[in-house]
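One chain, chain A, appears in both complexes that follow, with chain B as partner in the first and chain C in the second.
Right, the complex of A and B next:
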């Protein structure tokens, strides 16, 4: 009776050994295969996009179609992924043996980190000699001086309001912080909630307030050093940012904590909230007949001696270093850097964006767009946005701190200490 | 005292249950109502408002954006997973429940322990493995992984159920000359039917509603099942909630059909394994 059991064990051991052997051989054989395959299918190019909106999809496809007209030897395909999933997948994507060749991405710390790990294709040869401002060129360059990113468009942040509502309430755009506080007071007196800040699904919006207050009070240089971990959140200069913000807290919509971004923007659009510190995507969320009524003003100046910096998040493309077709990917990057490509994209997508190449014209020029372009152009410095200038872990530390601050504005000292420790932990030291 | 008590009680019970039932239904009703509104109406008045009018356009938009295709993808993954899972799990459970296999307790515990591991821990290793085996970004890969991930749980539950089958029945079949496989096929499987039906409908729901594995293991838009496809309808800042709600209602139809068909087993299935 014991004999069959032993043989069964032997059998199981044999099967196990076979399994391990086949797994190992699979490891050994599959690694070189992409290199072998690269010669055979080097005409295929995959663009992975996170533009899920209807206009965005069409615009990406239009770019690929135009690209093929000039480069018929390539066969590009478009693959669209929802932004949150895209963000989650990109690290894995760039390390795949057969990665997507080109990807939509944004300028900032995360791209620089990818470049540091050698995951991005050198785009220096695709980067045009003129057309990009020095700021944009710098944002596209990694630590070693290589271009790793090709910017195509940007948007801006501002205090958005509806022109007809401001006329109805008989108020005008403030320039300075004191005027802004006075405006809030007037609006509240008229029974209007002055500032929208929906936090239910978009606590990251608090970062826009922190960014702007810090830029206006302490300037872009300090802001960058703080985000890079060279300065601490326990610094008295950061405490001053929170002190200034405390003046505004009574004017925030008290329901904001429970509202989703879309509900908050609906409330702002109905005139129940007067102002909304946001990017141009806020206007894109409004019904067609309201769009012409959407207006904005620059974030008020707090200290006239601090050089004015604006947030202008820059979007564009990167290419994977492991692409099987580096020539094709470079050709595509070269194409999207041209004014024609950027105009085509903006015309098809219909979003409120400004082309990054200064030789490109906005295909649909609205007063709002011109106002935004002028504001960014006159700025002494340009930042991206908190998480683009640092990373998402740092953003989590910020939202934890600032949401708590909105609830308990008197515990600023404690909150900043916690923030510093969270931030250091996320940085890994 | 007791007289009033027995008169008040049913009222309390029905009153309380009505409130609970209403609480359950409210989110579902909200989704259905949202799916019948226009985007401008929603953007103008917000989600929590009285609709200005109702329209079926969102459903049309959802279907036009290729939702059928992704539902077919979901079924192409779900149906094989359910069949393969039940087949393998019932065989393994039969072996473990009725045969003196060395280390069977350890095996069972290992399967149970595997279930206690959060799936998030496995994401990256499994992604790398599927890449090495060349089944990354393919439906086969999804089927293999989803089957493997669920197997431990199903074996554990079926094992408990099969141990409840009287030994005399299988012994009698053996005496009549049935082979081990014959006993499994002719005796154990028919007796396990209720458990299999309950687990089958559970497996269907879980696999059909899986999102985590599909966004980890699939990249090609053409292969995406319905859950990530709906996720893909969300914009970074703005989403057409009405279309998403309509797509969600459509995506719920297959699971609702399966549930209604197997409802009887589903409820009895909740008690599976409770009596060892």
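Right, the complex of A and C next:
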């Protein structure tokens, strides 16, 4: 009789012990200290990736396979996670005692912040002496001068349209803001909705308009200072951005606020909306027979005296400072910085991206890609994107302000005041 | 807790030595049954809850050490316009979603209570939305509310084109457009609860009331409703909890937008605390939601228990 009772008690005691043990080790706000160097040298390497597309996943695996050929002592594994979840978890990932060794990430404010907290592995030894432009090298460097990020590719933003549609409507690419407004007017006269801006699930797209208008009107230096909180959104220069934007609001597709990104890009693809300010991902999502018809023009010049800046979001890899295998992680970063690795990645993934290392050639060179590369190369300055140059809390404040502005442009003064207050609060955490 | 001393004395004074030994073992087992679930509950529920109370008193981005700021996060709510919108929307949601789902569910249950040919089909139709996941529901309703979707199509068909709107994209309509799919689902659920309750109503009382000349309304008011009281308590508690924790449909359709006009406390908490990096402020919002939910439920349960005692 006593046997089952004892064993049940044993079981319960075990469960209790488990609970107590985990309670002792858990305190919500504590950050575990870096893993103490284990005696045996670790050979495992985990790459955590947010490239969920079929091509992206294959390309990441291809990188690891090639890496192992040259470095057979390591056993790398790929862990792919959906981008939104990836982004949410990265803070936790980097503070784990046994973190993923390498992670996909992007250049900008958040990476610098991670570096400031001491979460990123020093990648200076992995960073090649030549191949990277000064802009890209600067974007990969933290405040103390260490390299903390290895860029592998970038894309660009532009006003995308379909060549065949522009021919059908008998219109051509505008260069300046006035030409752009005239084009919008012409298109509207022909019964075509000029500009797509789907907001239902992608209000963040408003940031591309703000970035470009601010870069064209006030320049990259002011833009960066504004995003860093050194300038206020109540500044008259920001008000001017909204005033300028107001000129095109009548040409936005009024259905846009009820459309999701997919629906909006389908509408653009069908020629119901003429132009779409977007990144190259817009063209990548079109069917194969449409791809050759996809074209873009540079965001129109507003003030010829302002040095031209373009948005070229730069993607690449970081490594965790807490990795159990710093040599392996550094070796991997060194590998992905090479032209061969970047060409391999682009060839396998098939996305419209430009390799970050200027010694690498685009494996599939299309006129679109060359046009994009030339545009970014000729730019006087390069920015990332609003939330890459700031962070997601700031992006929240922006979308609140700008979606409201699209709806109620008369309340601009009020909106900017609110924006400044939201932004400051988010900065204070 | 009262079970423990009772178990100790259960051995009885008669067979002392055997009884004590058996009693002490039973005591241990019983204690384990009480303490271990209590411990697990403490660890999995109260410890995290207490932690978020602590985090709500700090300023923390999830990485750097948290900075203790006292009640600053709570003070910030008073000057936070979005918080006030979210609070107001949550109250509107509670009243409209809660009220209409209870009324609708009760109405449907009364209509579909009497056994009739094919009644099962009708019940199934109204219960069906409960089966779908909220995310699927959201997909369907997104299409219905689209600029060229079903709602605007119907309006155009009856000559009301000028009433067509972008239902989810305009701040004036977004919140109400979200309540509709939430209700569509909840009404079926409440109906089933009330149907079960109606089965307990004694038909003889109805007969007697009818003989005494009571009208249908009087019978509903004085016979059916009083007997539904136990189930009503459950329904109201469930409704309040469901209303305050509503999140999925809003997140799937508008994410609280456009510009926070359909923000509920739950979505606001999620976007500041989890998507953003303001864990301190996000936790403070979570504490407020917790207090609101627990407060409403406790007030309600205390009142209904007191009513039952005095009845």
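Here is the rule we go by: the second predicted complex is superposed on the first by the 387 of 429 C-alpha atoms of A that agree within 3 Å, B and C clash if a C-alpha of one lies under 4 Å from a C-alpha of the other, contacts with A are read in each partner's own complex, and residues count from 1 in each chain.
Going forward, contacts are C-beta pairs under 8 Å (C-beta built on N, C-alpha and C of every residue); 3 or more make two chains touch, one makes a residue touch a chain.
Since we're looking at a predicted model, the values are computed, not measured.
In the superposed model, A:89 makes contact with chain B only, not with chain C. When the two complexes are overlaid on their common chain A, residue A:382 makes contact with neither chain B nor chain C. Touch criterion met: A:393 reaches chain C, while chain B stays clear of it. Residue contacts after overlaying the shared chain place A:200 against chain C, while chain B stays out of touching range.
By the document's definition of touching, of the two partners only chain B reaches A:269; chain C does not. Once chain A of one complex is fitted onto chain A of the other, the partner contacts of A:255 are limited to chain C, with no touch recorded for chain B. Shared contact residues on chain A (touching chain B in one structure, chain C in the other): 5, 9, 23, 26-27, 31, 88, 92, 260, 263.
Those residues of chain B that touch chain A in the shared complex are 39-40, 42-48, 102, 124, 127, 131-134, 136, 215-216, 219-221, 228, 231-239, 241. Touching chain B in their complex are the following residues of chain A: 5, 9, 23, 26-27, 30-31, 33, 48, 50, 52-53, 79-85, 88-89, 92-93, 96-97, 100, 260-263, 265-267, 269-270, 279, 281-282, 284-288. Note for the complex: chain A touches chain C at residues 2, 5, 8-9, 12-13, 15-16, 19-20, 22-23, 26-29, 31, 88, 91-92, 94-95, 114, 117, 119, 199-201, 203, 254-260, 263, 391-393, 396, 399-401, 403-404, 407, 418, 422, 425-426, 428-429. By the touch criterion given at the top, residues 25, 28-29, 32, 35-36, 39-40, 43, 47-48, 51-52, 54-55, 58-66, 76, 80-82, 142, 145-148, 166-171, 254-255, 257-260, 271-272, 274-278, 280-281 of chain C touch chain A in their complex.
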